[in-house]
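Below you'll find the structures, each written out as structure tokens.
One chain, subunit A, appears in both complexes that follow, with subunit B as partner in the first and subunit C in the second.
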Partner chain A sequence: MKEKLNGFHVALLIFMIELDVTVFMLPRMVAVQIGTNGWLGFLGLSLIAAFNIWLYRLVYRAGQGRSVFDISEAVLPKIVLYPLYASLSLLWLGIGAFAGKSFVLVFQTLSFQTSPPMQIFAVYCLLVYALLAKDLYSIVKASTVFFLLSIWMLVLAPYFFKDWSIHRFTAFFFHGTENGHSLSGMLDVYAVFIGYELCVFLFPFSDAKTKLFKGVFAGHAIITATYLLTILVSFGFFSFEEVKILQFPLIHTLEYIEMPFINRVENLVFPFFLFSNLVTTVMFAFAARSALGRMLPGVEAKRFALPLAAAVFALGFLPSVFREAAALIRLTYFTETCVAFILPLLLLILIKIGGKTSKEASSR
Partner chain B sequence: MADGKGNDAGANAAEKTKPTLALVAESVKGCADCLHEKLAGSGAELIYFPTLVDLDCLQRDLIRPLSQASPEQLNSLLSGAPYRTATDLKSCAKSIMDGAAAVFAGQDVYLFDAPKSTGRKIEQSETETIITGPHDGFVEALEENLGVIRKRIRSPKLKSVALEVGEVAKTRAILLYVEGLANEQFVTMLTDRIQDIEIDGVSDANMLVQLIDENPNSLFPQYLTTERPDAVVSKLLGGRIAVILDGSPSVFSAPTAFLEFFSSPDDYYQRWPIGTALRILRLIGFLITICFTAFYVSVTTFHYEMIPHTMLLNLAESRSRVPFPPLIEALLMETTIELLREAGARLPTKIGQTIGIVGGIVIGQAAVQAGFTSNILIIAVAISAIASFVIPSYIMSASLRLIRFGLIVLAGILGNLGLIFGIGFLVVHMAGVTNLGTSYLTPIAPAKFMDILDTLVRGPFWALKKRPSLSRSPNKTRAKIKR
Partner chain C sequence: MRRKGIGWLLALSLLSGCADQKILEKIGFARTIILEKAEGQDKALKVTISIPKTNQTESIVYTDVARSFKQAKIHFDMQNDRRIVLGQLRQVMFGASLARQGVWLPMESVFRDPAIGIRTHVIVAEGDIGRFVTRKYVQGGTMGEYIDNLLRSDPATRGQFDTNLHTFLRDYYDDGAEPVATIIGETVEGLKVKGIALFVRDRYVAKIQAEDAMFFSLLRSDAKNVSLFMDEVETPRGAGSISLANVIGKRKIKILSPPDPNRKKPARIVVELKLKGSLMEYDDLLEMNNLASQPVLERAMGKYVADRCERLIREMQKPGADGIGIGSHVRDRMRYKDWKALDWNQAFSDAEIEVVADIKIRDYGRLIDASA
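Now for the complex of A and B:
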């Protein structure tokens, strides 16, 4: 009596994977890299991500729902694939670790200036372990609840309407960037979408009834809308030049909220971002677990949880301040963006070759 | 285990052995309360437990007729109802233990069932009181409990499966379900689980459920136990399964989800907006129970800037006289409240009231004046305690009160982030909990929108047309009410 991974839950999962520490910097990134009215350019980037998801849909259809590993191993020898699995696992663990550590470092800056960040990160990794030790259905169930514990923050948006002005948007488009428009700049912004490509690991848990890709597209649409709201609130609340110099415009907007019974609401609201970062870390670690599980088929999936959580913790030692963490996030997210685009193309080629090989074999 | 393989072999042999006076007498040897007597007229011999049989009935329907009969009339007299022939030693011994008298007439053995109804009669539940609706509650006698359910569901489709729990105690249990409404797979699964229990004895349904749940190390109760017949009937009609255990006033139902523990039968007896408001109030109570004191600790330890200026002065003034850090202060007060609660629960009602008065004074004004605690913490602790009692299930309430301590400690170490970490751990844990293979977080995860109408809120009856998806009932339609 196993539950199915239906489209609705996939949508929430994709939302939670894509929402991570990069959202704190998003309005600044958009202002610095795309310029005035950057939200429009941001929508363009979201469409590119949607195109990338469509490529995965092609893979799903052409491969008839087979897992990424089955498709690859049908054509390529294990000696070629295993180093690739290992490298990708390291990359995914790195993304999970740096996203988590960055969140911890931002929180430390806000509230725990004197506490060692690795102590807080250790608790974070315990939570990663607790979730990673469960099956995917349980991870998805937890991420559904985490979604509800995160999405309520959108209710705070109307709070800014009073001081929000459309005049701050200017009539010009894509002006005022720091270094003009560049591919690396666009990749900086595009990094906020990273995470949707993990839908490739959900293939074995879905069938025609579960509407996997409707869920992935819906999740991507919800996160795009959420990001857009964040950008619009920041652009209309601060001036364009101010957004460019604020390190974390989202947190600065939260700092503005003051209620009669509680001040400095960001102290309460900000920790809720833990959940989306946690799901990001866990799902990238889950991707690594899937790849490593393929290399070590005799090992039970749950047994990977402890070493993987320990690896995430160990990788967390690499950045000690937020600047270093941001640089590592940039590096790993750039790499992952490349992987996100190359992977479906590669898989489509492998499916085609695999199809030919099987046809030739059957004709012989 | 009391019974080993040797005893199993012995039991199998007993199943095939024909009962005789000597064998039955041997099986009850050493039981001082067992009576073995020979009747004057007919010469029949009886073996029974006077403590288990209805002596009036025995005297009227067995002893008197047999005493007046001659030895020749004996077998013809015993050949029909209400007497039955004992076929094997095992069932004969079991019947005696169930309240039958064994009658030995020559080589033949007959049984006369006259079980004594013991224990209290149906009365109001003390742990689950309600304002409106039926006030009867379950008692310790299985037959009484089964009777009140049968009276409410007067249909032969209410099926019962007789089970036995405990290798030594052999406590009777009855599994109930409505044919056509309950999922047959669940019925089989639950029956198998109860039959597979290997333990000497089980004294209460709340103990039994711990032996059959899927997550024995979880803090959360995984089967809903209740003392209210109307609640059980509602569960049965919702396609769920209920189990009555002899000797226990609690009946449990399955499958169950977390949010079910926050609903009470009176929600249905009130107008639906009131019922909905009450459910939301209980969920707020749940949040307050686990978070409020922890939030106080977090704010007063790490996030003073969150307190509005006007309140800050009062709090600082009150806190300035307390020698402990907020974490210790909160743990001390929460422990005191728990001590008071536990003492109140253990003591007789009349003395229990004294504890309330003493506690009220000690943890009230005196503790503040002595500089033992701040008055705002007293408010936080009191509100948390009151909120915990809003939850209808005592077992769930006790679990949440313990969880609160964990969150207080995390909040004392990592502030608001610690509190959120704690909630994260809870959610992760609950995501892994299942009951008969169904998710404990239903209808949130997996999301079942129609079920939300009867869990988070109490929807109007015209909207509650479907049975809960959790029960995986083959007949999904519960009502065809038009607006």
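Now for the complex of A and C:
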């Protein structure tokens, strides 16, 4: 019998996919785009993401657990679908690459400032390759371990209570944004949630017993709580205008931690973010692998690992400085947000049509 | 073949760390940056940097006049035999006259550098800085080390607030608070905390005397482990000095009414202090040394602390420097539009601020005077 994904592991996986380089700037994004007490607006965005996940659940129910590919190929001809698969694969590889490269560039503001970033990124891609060469179960198992290596950072939060003041939140709601509230601004904040939509590729690995969507919702809830804590710490620890100008408020808070035997802890803590970022890259590459595997059914899944890791590495050349990486992250994450919403709607329509045609076929 | 490939990959991943090496013996860790006004030059800064030698008692000091701190650092790098790094910087010192002019530009340059820790102390230095940076201290260590330890053990600020890059910038950007910095000056024996510098935005505008610094720290936040010396406490049985130790202070700011500039009504604010401490000295007031008279003593001390804190606040109100962050509490009570239209520095100057202090004697040391 084929091994199935447990709901618990799915939750941790979703947590790890959502947690990536965007979290470093999250408090600033919330302050700049939503304004004072932006954490409330942030919770609203999280609910929208939860609604999006619910749409995927509808797809799962309606499609009776069939994979995305089965659903769409039942209705649409391959000639329409293949270019779509290819472009989506490119998008996902791009997200993986730019998230990874941005992480390297952020890392280089702290240490290894003058090493060639692509050299560090090469090592990153090596790790991507090592994970991608395994099957999904192994990736999920690894990400469970990585989860433990990341989640402990939450215990650092109480460290800031002493210098934390509720008055810095101000009593104003959603004031003081850079240029009012805009859709693109909300998308900027929403980008931190991107990653949950990959649950659609987990359909073939679950059945009624594994409670896939319980896991996805739980993962999304944990990550929302984690993000919320990050925002609350930053908003009470820095003054509002200061959060708006800090490039990476999260790293900045870590800098404040000082132990009797060590200071500048951020250099030690920061590398732990590598794991969550790595899972993001690997899972997006896995999504690309699934799509490409559908187009080339003759090729063994493992054979994709090397070319895909190489593609991620190659895409990493596109942004060479942080400004470019941030722009590309914005572009790809915005596109992915649109994909995340359109995909389930499209699939629901296809299921409806497909349902009719199969009925027609059986009645004939 | 496969094994060879793995070998190469391992080498690549492990050796890549060697491309950007920093060898401890070849690095000079700067401890102190001193920024002063360059005499007679408008756009220049006098930059001094102190790098401790490996014996930890002497330090190398470089001085240069440059357009910015970073330019000066390049000049220092040309002279120093080790690469100068800023990761272990302990304090940024501003000369008093530069601080009065405004410290924003050099401050931003320091803050922007991710290598510099945000716990780096921000200090205003009085006197001949050029001399005390090169002086030898009996307290041991170099000046940078000495000041760092001094600020962490200074009774007024100990455990209450470090005036470091983080707190300075936080309050600089906060529209309901103004930054403060510790003032350091020279004495015969060494260095001394000479008070607290009050800023408006980035300009040093007023000084809180060292004697008042304790009371300031009570006003600024909840406090722990403060020692209070009260020189002239008026009691029904004469005046005298009292000393309290191990004081735990709770501060509460009550806004009776926020300011209303349209009706020309100033803000009305009450600062409530609740202090608990051990009575250590009341030498001039020995008639009071019985348990029954302690409540009288507590009330007298309360009045003294309230009066003194009010005087302190009046001093802060003159330049409009809200170093204790009352503004952030007023902000909570106002509408966004009104708050944005308000000039808080002015409103703070005009505000009617009252201090109420409630002091409890927790214990009175080793002696009990119940029978007296």
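The rule is simple: the second predicted complex is superposed on the first by the 361 of 364 C-alpha atoms of A that agree within 3 Å, B and C clash if a C-alpha of one lies under 4 Å from a C-alpha of the other, contacts with A are read in each partner's own complex, and residues count from 1 in each chain.
The rule we apply is simple: contacts are C-beta pairs under 8 Å (C-beta built on N, C-alpha and C of every residue); 3 or more make two chains touch, one makes a residue touch a chain.
Please read all numbers here as calculations on a predicted model, not as lab measurements.
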Requested in this report: Please work out whether A:S239 is in contact with subunit B alone, subunit C alone, both, or neither, and reply first, second, both or neither.
Outcome: second
Query raised in the report: Should A:L296 be classified as contacting the first partner (subunit B), the second (subunit C), both, or neither?
Result: neither
Query raised in the report: Which partner does A:A327 reach: the first (subunit B), the second (subunit C), both, or neither?
Result: neither
Query raised in the report: Can A:V123 be said to touch subunit B (first), subunit C (second), both, or neither?
Result: both
Requested in this report: Scan A:F275 for contacts with subunit B and subunit C and give back first, second, both or neither.
Outcome: first
Query raised in the report: Does subunit B (first) or subunit C (second) touch A:N263, or do both, or does neither?
Result: both
Query raised in the report: Looking at the overlay, does A:S165 come into contact with subunit B only (first), subunit C only (second), both, or neither?
Result: second
Query raised in the report: Regarding the shared-chain residue A:A225, is it in contact with subunit B (first), subunit C (second), both, or neither?
Result: neither
Query raised in the report: Which holds for A:K141: it touches subunit B only (first), subunit C only (second), both, or neither?
Result: first
Query raised in the report: subunit A residues touched by both subunit B and subunit C?
Result: 111-112, 120, 123, 263-264
Report summary line: The answer for subunit B against subunit A in the complex is residues 185, 302-303, 305-309, 311, 414-421, 423-425, 427-432, 437-439, 441, 444-447, 472
Query - Residues on subunit A engaged by subunit C in the complex (per definition of touch) - result: 109-116, 119-120, 122-123, 126, 163, 165, 167-168, 170-172, 175-176, 237-242, 245, 252, 255-256, 258, 263-264
Query - subunit A residues within the subunit B interface of the complex - result: 1-3, 6, 8-9, 107, 111-112, 120, 123-124, 127, 130-131, 134, 138-142, 144-146, 148-149, 260-265, 267-268, 270-272, 274-275, 278
**Report entry** Residues of subunit C that touch subunit A when the two form their complex
**Finding:** 9, 12-13, 16-17, 19-20, 87, 114, 117-119, 166-167, 169-177, 325, 328-329, 331-334, 336, 339
